[in-house]
């Protein structure tokens, strides 16, 4: 019997979509205004979903206070009020699309969860655009 | 490794739930106030979800600008500010329940997506009633 | 010392914007797709705001259960799942713009409230368009 | 061909997280401020999701009016404006975590649905914490 | 030239509406299920609005980090995960209706703001019921 | 008899809070992580509120299509996917706090509205921080 618990968090960041192997014209054509060399930004809303059995003693899948603290340390502190392209190691050589940010967050959080738990990341870049990633473990 | 990208859209439309093979009494009994012969209406909120691998060059599953444009042409323009029963071909002979509208939208959008991509439709009829449809391809 | 209490409600309705004194061309030019002769519709979200002193015995400005019941009887029952142009007396000869609907609701509710209380109506036609009306009593 | 219909509902309740087999110190350590002996409370937002084929005569998976009525009778009436620990049979001996409340609601509603339909419960304890449960029938 | 800055916060609490000078029958009649002697609870959403001129050096009306810290110390810490009737001094002898809670919060915060600034409190008891209070200083 | 019509819009932008007349230490002390020299960003949600009498012929205060078009031209096109500090004239020498952005938007839109109409700007920098500005015309 498995159940999923979800915790929301958020961070505000600047970014620019750009492929350094392409010409400026090609970047402009593919990424449009998201390619602005001076950056733009978003309020990223994050949902971290953890699936597993309910612990009979606590009634919890995982202690939400602990999950909140992992998210704060691994995602909010390194990414909040940052320029993803310039201020983080993860996106120095990786295009910070919503898809890639979700994969990076999944990889960062996965190692803090017990192997038996499943992890899913939902990341809202805007209220109208969001991505979901459940990892590559199946 | 697959990831899902989601795009929200909306349209406002009038509709009436009605089965022409039934008597008025039977229609009234089953559909209640949704059977009003003069129609009523909704702000339909739509989420289009596309699942596939991340393209390494772009960091995208699909270009959101392209997806937004397909949704506009295939869903928003034909359905927005329309009477679904009277103004559209799709619901001339199909009861425009939220379930049937979701299936129609899935069928319309499916043919514009590469076969390797998966498609899911979520349609809010009201903030409290919504449906989800992932097609019949499994 | 005054305080404002607010109660949300909603109704789903069809409508058409049309001025019968104008030609079809003029109506089409001014109201655009809102002039569709077959109607379109909305999920109207309503906020009813009542301002007055706090009753010392109850700690209430007005009993919310009573306010909820007045809104149900005066607004939700006559307007929900209706065609505003065809099914209601109020909009037989009045164009059902959000502005006019808000004024009609204000007029309907005002007479059920004690004269010392102030009334304000907020009406969302869509999540992006809404109107506010505080009456003409000042 | 299956589709999922969803209905939102809500109830407001008080609760306390507590394991009677543990010392007060242990309870305080694990449950923190959620262990307050005088209780605290939440606006629980509930989404009930039912999956099945579309009935060709109605265009429905299930009549939403019927589903709404089952939710009202089985969840809203027994839990709304109640103290889950003191006022309900279900949580007299079961810790009312969001996880356990979701399982209890699933068990209560399951027996009112046709066996061919699938049921999923989503329960928001706060706007930032929520759980999802799809039962143990797979 | 004045501008208003708003900061949202929240707390979860249990409460009971009750007038000790009335009989149980009278309390039950007026407060209905809100009179449950075992309490019920809410996720209170709070908006604190401060109006004043923009400081030319900072571009701020008030430093939001400072306002957030005052709200945390004066409202969130004393009220979050508490039973308002039993655990707080403010509501030992004051019925914790949304109206009275808003007035109490206004009085608590007012003394931490410069006299030239105006203060307004908006308090959501549920997503459908909320109150607004601007004080008695006019 | 006056009524207020409101239109929502949004734009995504990068910005940095900084006073060039201060030392880096002073900027860091006052603006904290908002002073990041590499910028951060937000999804700005904008509500434009226009107050005036209802035109008897149209039932409108102002044509929402026209208002939407002014907002697009004056706010969304110049600010969306831009770095407010680097890409706009308005904030070359003005600190782009939410307060100052709201005043700039008010000044830009005011000149496109008839003098008899009143204008108010509400700007959400994050879901928890927002400002309101009604101009200096009273």
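We just call them A, B, C, D, E and F in the order they show up, numbering each chain from 1.
By our rule, contacts are C-beta pairs under 8 Å (C-beta built on N, C-alpha and C of every residue); 3 or more make two chains touch, one makes a residue touch a chain.
Because the structure is predicted, anything quoted here is derived from the model rather than measured.
S.K.: Which neighbours does chain B have in common with chain D?
M.R.: A
S.K.: Does B-C or A-B have the larger number of C-beta pairs in contact?
M.R.: Higher contact count goes to B-C.
S.K.: In angstrom, rounded to a whole number, how far apart do the mean CA points of chain A and chain F lie?
M.R.: 29
S.K.: What is the distance, in whole Å, between the centres of chain C and chain D, each centre taken as the mean of its C-alpha atoms?
M.R.: 34
S.K.: Identify all positions of chain D at which a residue touches two or more other chains, and write them in rising order.
M.R.: Answer for chain D, listing residues that touch two or more other chains: 127.
S.K.: Spell out all pairs of chains that touch, sorted by label.
M.R.: In this structure, the chains touch in these pairs: A-B, A-D, A-F, B-C, B-D, C-E, C-F, D-E, E-F.
S.K.: In the complex formed with chain D, which residues of chain B make contact?
M.R.: So the residues of chain B touching chain D come out as 17, 19, 21-22, 30-32, 94-100, 102-103, 127-133, 136.
S.K.: State the interface residues of chain D toward chain B in the complex, per the touch definition above.
M.R.: For chain D paired with chain B, touching residues are 1, 3-9, 49, 54, 57-61, 63-65.
S.K.: Which residues of chain C touch chain B once you look at their complex with the stated criterion?
M.R.: Where chain C meets chain B, its residues are 10, 12-15, 33-34, 36, 38-43, 80-83, 86-87, 126-127.
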